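Heads up, the next two complexes both have chain A, just with different partners, chain B and then chain C.
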Partner chain A sequence: MNTILGLIPVEAFLFCWILLILGLKISGKNSGGLYVNLLLLGVLVAIGLVAFPAPNAQFGDLIHVNALNRFIRGLLYLGTFFIVIQSSSWLKKHDHAAEFSILLLVVLSGLGLMVSTGNLLIFYLGLEMASIPLAAMASFNLTSKMSGESGLKLILSSAFSSGFLLFGISLIFGLTGTISIAEIPVNLANSTLALIAMVMIFSGFAFKLSAVPFHFWTADVYQGAPMGITAFLAIVSKSSIAFVFLTVLFPILSAIQQVWPTVLIALILLTIFTGNIFALRQSSLKRFLAFSSIAQVGFILMGMLVPSEKAAVSVLYFLVVYMFSSICIFGVAQWLEEQTGKDSLSNFKGLYKENPFAAWSVALGLFSLAGIPPTAGFFGKFFLIGSGFQGVSVWYVVLVGLNMVISLYYYLKIVKYMFMNEVIEELEKPQMALPLKISLGIGMLAICFLGLSNWIVNHLSNLF
Partner chain B sequence: MFTPATEAILIPLIPFLLFGIIGLAGRRLPEIFSAFLGIGGILASLLFSLHLSVSYFSEPVQGAFVLKEFFSFPWLNFSENLKISIGLVADPISMLMVVVICSVSLMVQWFSLTYMKGEERFQMYYAFLSLFTGSMLGLVLSSNIFQMYIFWELVGVSSFLLIGFYFQKPSAVAASKKAFIVTRFADLGFLIGILLLSYETQTMEFKGILDYFKSGNFNPEVSGIWMSHSLAAWALVLIFVGAAGKSAMFPLHIWLPDAMEGPTPVSALIHAATMVVAGVFLVGRLFPVYSLFEGVMQLVTWIGVLSSILAAIIAISQTDIKRVLAYSTLSQIGYMMFALGVAGKAGAEAGFTASFFHLFTHAFFKSLLFLAAGAIIHAVHSNEVENMGGLRKQMPIVHWLFLIGCLAISGVPPFSGFFSKEEILLNAWKSQPLVYGFALIGSGLTAFYMFRLFFLVFYNKSHSDVHGHESMGLNFPMLLLAIPAVFAGFVPFSSYVTSTGLPEETHLHLMFSIAPVGIGLLGIGLAYLFYFKQNSLPEQWASKLSGLYKLSRGKFYFDELWRAVYQIGLIRALATPAAWIDKNLVDGGLRMGAEKTLRLGDRVKLIQNGKLQDYVLYFLMGILALILLTLLMIQS
Partner chain C sequence: MNQELLTPLLILSAFLFFTGVYGFVTRRNMISMLMSAELMLNSANINFVAFNKFLYPGKLDGMFFTLFIITIAAAEAALAIAIIIHVYRQTKSIDVKDADQLI
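So, the complex of A and B:
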């Protein structure tokens, strides 16, 4: 008891925090503001707990605690913190802010378990612990039918993908007699069955990452869910899966090592092209974000082509950059959606005239996602392409790069909307709340300086 | 007072700092104050760069001007062959460029003081100009190719901001977007070229790259061959694609004429003297490597020749004063490009010198011409030559200045353009007589279309309703630019800039000059006949040569070609069906589902409408396809 709690202080803390919120709710406190503040405080303490240096430790082969997964935890919590700040005005007005907070904390504990796993079972438990409450949260716009539908679609399709994941894991267990990630590669012989197991596990991951052709749920779920949850799915949930991809899937991938790059590059191209082409003519804001995030996933997968430390560093670095860039866009998008009540890209029209700060924030975020130097996004993409470069033929890299140009087209469209179009509907409150402003400011600073300063890449390299 | 390294840092740093200060202060800063900040900063940079280049050229190493590294420190050790450092270097061409950039930028900023007066975002204009100048200076001083790429893109971003400065005009917005996307497309080639080249040489430092090829370590058999050319050759081709995009070489030139939508002083800076020659600079920087690859040099040569000739033909029939100048810029950069290309042949190495000589003189006379065009547009409030005519009375000083520019570009002695163009033609002759032939035709065309413009604007039919006027604020910077436009040709250029770094004697071949000067004068004479007075000759010849005329008016239909590729290839063939699928198949289920829920209030039914089953079906198909694919791959 002592050892395992010592290993997961964050989960222990989150559990107490959940009990606290639950207690307050039962005792009849019903102020949204209170719960939002409690939630923020809880996430902040969690960040503090992982930031506090601790020695590496492990509990059997179930849970590992090391600098690497403390880093990713910190990133996930930080992303969550920003998202909660940006959705706080929506959440404060919600009757069920307490329930929302509890669900979110459960999701965070689940993700925390998942990223520190040393064992396929814990991985699966963490994953499910995070997925089920998320589906409930996706349907949290209680009056919107789309939101309810979004939640249902998320839970049903993720149950389906989990089925495959579990099937794959069972096959692996059957073949090797172990579920410890460290032991699997040693015992796994090359066989067709192993290959099928790999593909099933991979498909489960690909579903969660919304890589094509497992992406069909993405746009619908993103569109229906409340914006905060959309942001959470696109940023936090995606990053955690990408990280586990690196730590879980890579080691046991040896069975299909020799064909892996070719298969993956095909998926990458499919993913990036589909994401970009579907994003080109979107008019719905959230669907647009969904498809552009699909395209970004394709880039993340570039770092998975060749298992190497450098590739892993480039993926992690990209995740950091991706988080800050997305924060800058989602924050403003949510703020606009709350005011106009519309899920449309035309929300952005004339934004520069009404709130130049917001417009610059979105513009920087978009530039970074499009990979234009010297924003951090460029370095992120450059490292990913550079690390994928050694695995496959240069022509695939050219095709991937070509997509950076295509994506520029639709990202610039929004920049044009903001700076050059006339305002359609004047905003009621063109001023932003201070916390939102600060979160955007931090994002913008990160985009500008994360690429130009080298400490984060150096820090990441030391983690391996 | 300052060490050379400090000076080298300060030269690009000052404009960057000013961008930060003016940009952040924005409207809180009085207009005039922000302008003086910008001008003062660039003046300081100019003084530093003059001092730096004088001290550089006064200290040759063993009689030669070599690549000198001020400093370079490791910044990122990403992987074995991806090490990136930050550093600044000096060599003859970068010293040349810093002086050109700073002096033209100074004149342009000074000119803008009057030209942009009363513009709504006056402060931002100066902030963007500083950003552009700083990035351009950083580009030419970079010690490694990756750092250069960063500045290269920053130059693209700031030119995007400047071209789209009049963002109320839809055409300006479209033009800025086009410029950005087209050059980005080309930069993709550059980026991949960088990756390939650094893969081959294991370094990104220019010094390291040049040493690698000099030392003879390079072996095409080892580095890998694809389609009978080595990896390094392909890397150079891709880098050249980037260079051709920035320098607006055919067929990637389509963004430059549209970019004329920006403020005219911006065109003088970006589209005449600095950014568009970045491509020439890039090829020049890697020249010792390029010259090892015969095939790549042929590509550079012929792209240059094609651009210079086609652009000259298009310029003949354009009626927008800035577009004529834009096409003439294209044509002149074509000259610089093929001069580099022919310099690969033994005996014609001085083509390198000639190319940069022309870059140097062109920067002055072309920015003079652009600023003069700006002064005319400022007075007439139109870009169309239709609305000009007879302006020599209203604008006598501008008239003389424009004439100087035209004489210089037409290669009439003793104006600066004569010397540099002679040099180019001479080396083309030594290397490939066919190139020389094209170049000769091109210089005839140049003289013709420039004087056509000159006569149409200042002579021909006059408009009594135009109240043109001149102002000293506009004229003075132009007068200063006119001095080098006349005299820059007397600089003994080859004692400073050569492909080997060893100073050489300059020779003037008087007999050789007869043909080019003759054909230039012929062009001027024809233009005089056609356009000095209003007459029917232009229409007669236009109908006689109607095929060629249509091609020229239609700009050889490159825009249409690209639009077709883009519209049909991307939008019609892919994005529209994608949007339809998304709306009617993927999204349709959701809408339908929502309506059904409304009617039936039955959430379970919703899942039965087939939508989710579709997801599952796709998912299954995906897994099956993946399994099949991996199995097949393993079998084979």
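So, the complex of A and C:
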């Protein structure tokens, strides 16, 4: 099929699904459970449509469909599926589950457009489709002051960063006369204006990726938003931006190849140090996760130092591992927050005595994020450092290694809370729901299996 | 085509952009911050149209980009104002100093 609908079956399907939910809402159905099930079904069908083998195709230079971006779409939708499962008990009780489902489906189709773009216009459209509804979702706890403030900060900082991005793109258009990603590097000559444009585009990206020094919104937004949205921002949103960083920014960066590595190394070290040092002194669970995710962004950026296929594979592998590790942690964190009503690291105290399964799931996730050898996270970081630091001074590697030690301190602190501390206040903790248990189980299996088998790395290198 | 008009237009758009950046970081009123962000988006619009008109008259890419930016900026402003009203109902203020629950 050469029509545009044949190229974007997932978006077409999601659009129909949005209409269905809208119709049900207008006709007065108001049960949260119905909408949660519809949402899960919709995301599942979207995963199926993406996984269904299709030939490579493209619509002009606007949209490309190939194995690589089908893979990343599958990953993003899978992450969303797990997050919806984990926050379903919160969502079922919410009065506006239908609106939430519609917004989430819009975000998913925006993400799909964004990762399969071949053109800066479609990229910008997808980016905004994926970030505007998120601001509405971040302020979804309607009674909480913090939630509204979180949405406000998200929308204002996203508009600000879009401004930078667009100004940079407009300068690139002035220099080259094209907005097609394939044609820009050919026409772009090395000049001061090109450098300014690149710096602006990069700042826009760094804002969305929350790399230091553009990270100020991250902790506040993560803390105020409902836990499901925090997880979505930290896992799905961040992975998609990192992937677009690889496919969109890399090809057009050739104009400033001589200054790029120096700037990026400084940014990486700054990001990892800031993330780790601020994570040390957090007592709020969500703020802790925000700063730990900033530190992880530093590691992802390492794969962007040297443009090579190996580096791209290691970034993708790290994104897969990061998703499963974070899902293990966020699932339990959300469950605990619902029990205690508090957003505090002390929620974890004595968890092992009450629920060994949950404690092991968090422990494995934390080990993987910290990069302890048998888990997949170790190999993720190993590949990233190996492919990123080719031909630069060994001192950078030493500094990054030092940071992994700092991060071990705060990750292991939580493990200590779970396994060695006593429970502070006895609360009656109900059993976990079966879907939540299954999602945690899959995450734990993935963390062990992805580290021990090289199947996924081989699969990823075949995608290029 | 009168090429001389391009430079003043670019100076205008750069001026608007940095006015927007300055306003965004100094203003403490949520509506003013939103207006500053919109100013930044519109300066990109001026750039696109000016480049398209004077440097690449045969193309339409810049014009289309401008149309899409206008639409998206409208959607963004609508949502931002909705959220600002939501925050106003809770704190009775649109000063960002009063939105200080998250520390």
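As a convention for this text, the second predicted complex is superposed on the first by the 459 of 464 C-alpha atoms of A that agree within 3 Å, B and C clash if a C-alpha of one lies under 4 Å from a C-alpha of the other, contacts with A are read in each partner's own complex, and residues count from 1 in each chain.
Keep this in mind: a residue touches a chain if its C-beta (ideal position, glycine included) is under 8 Å from a C-beta of that chain, and two chains touch if they have at least 3 such contacts.
Bear in mind that the values here come from a model prediction, so they are computed numbers and not experimental data.
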Chain A: partner with more touched residues, chain B or chain C: B
Touched partner set for A:F160, first chain B, second chain C, both or neither: both
First (chain B), second (chain C), both or neither touched by A:L152: both
Which superposed partner A:D220 touches (first chain B, second chain C, both, neither): both
A:L41 touches, of chain B and chain C: first, second, both or neither? neither
Touching partner for A:V423 - first (chain B), second (chain C), both, neither: neither
Which of chain B and chain C A:L19 touches, first, second, both or neither: neither
Which of chain B and chain C A:F173 touches, first, second, both or neither: second
Touched partner set for A:A182, first chain B, second chain C, both or neither: neither
Contact residues common to both interfaces of chain A (with chain B and with chain C): 145-146, 148-149, 152-153, 156, 160, 164, 219-220, 223-224
Chain C partner contacts - residues on chain A that touch it in the complex: 120-121, 124-125, 128, 132, 135-136, 139, 142, 145-146, 148-153, 155-156, 158-160, 162-164, 166-167, 169-171, 173-174, 177-179, 219-220, 223-224
Of chain B, residues touching chain A in the complex: 75-79, 82, 149-150, 153-154, 157, 164, 167-168, 170, 173, 177, 180-181, 184-185, 188, 191-192, 195-196, 199, 570-571, 574-576, 578-579, 581-582, 586-587, 589-590, 593-594, 597-598, 603, 606-607, 611-612, 614-616, 618-619, 621-623, 625-627, 629-631, 633-634
Chain B contact footprint on chain A (complex, rising order): 145-146, 148-149, 152-153, 156-157, 160-161, 164, 192, 195-196, 198-200, 202-203, 206-207, 213-214, 216-217, 219-220, 223-224, 256, 258-259, 262-263, 266-267, 274, 277-278, 280-282, 287, 308, 310, 313-314, 367, 372-374, 378, 382-383, 385-387, 389, 394, 397-398, 401-402, 404-406, 408-409, 412, 416, 419-420, 454, 457-458, 461
Residues of chain C defined as touching chain A within the complex: 17, 20-21, 24, 30, 33-34, 37-38, 40-41, 43-44, 47-48, 51-52, 55-56, 59, 61-62, 64-65, 68-69, 72, 75-76, 79-80, 82-84, 86-87, 90-91, 99, 101-102
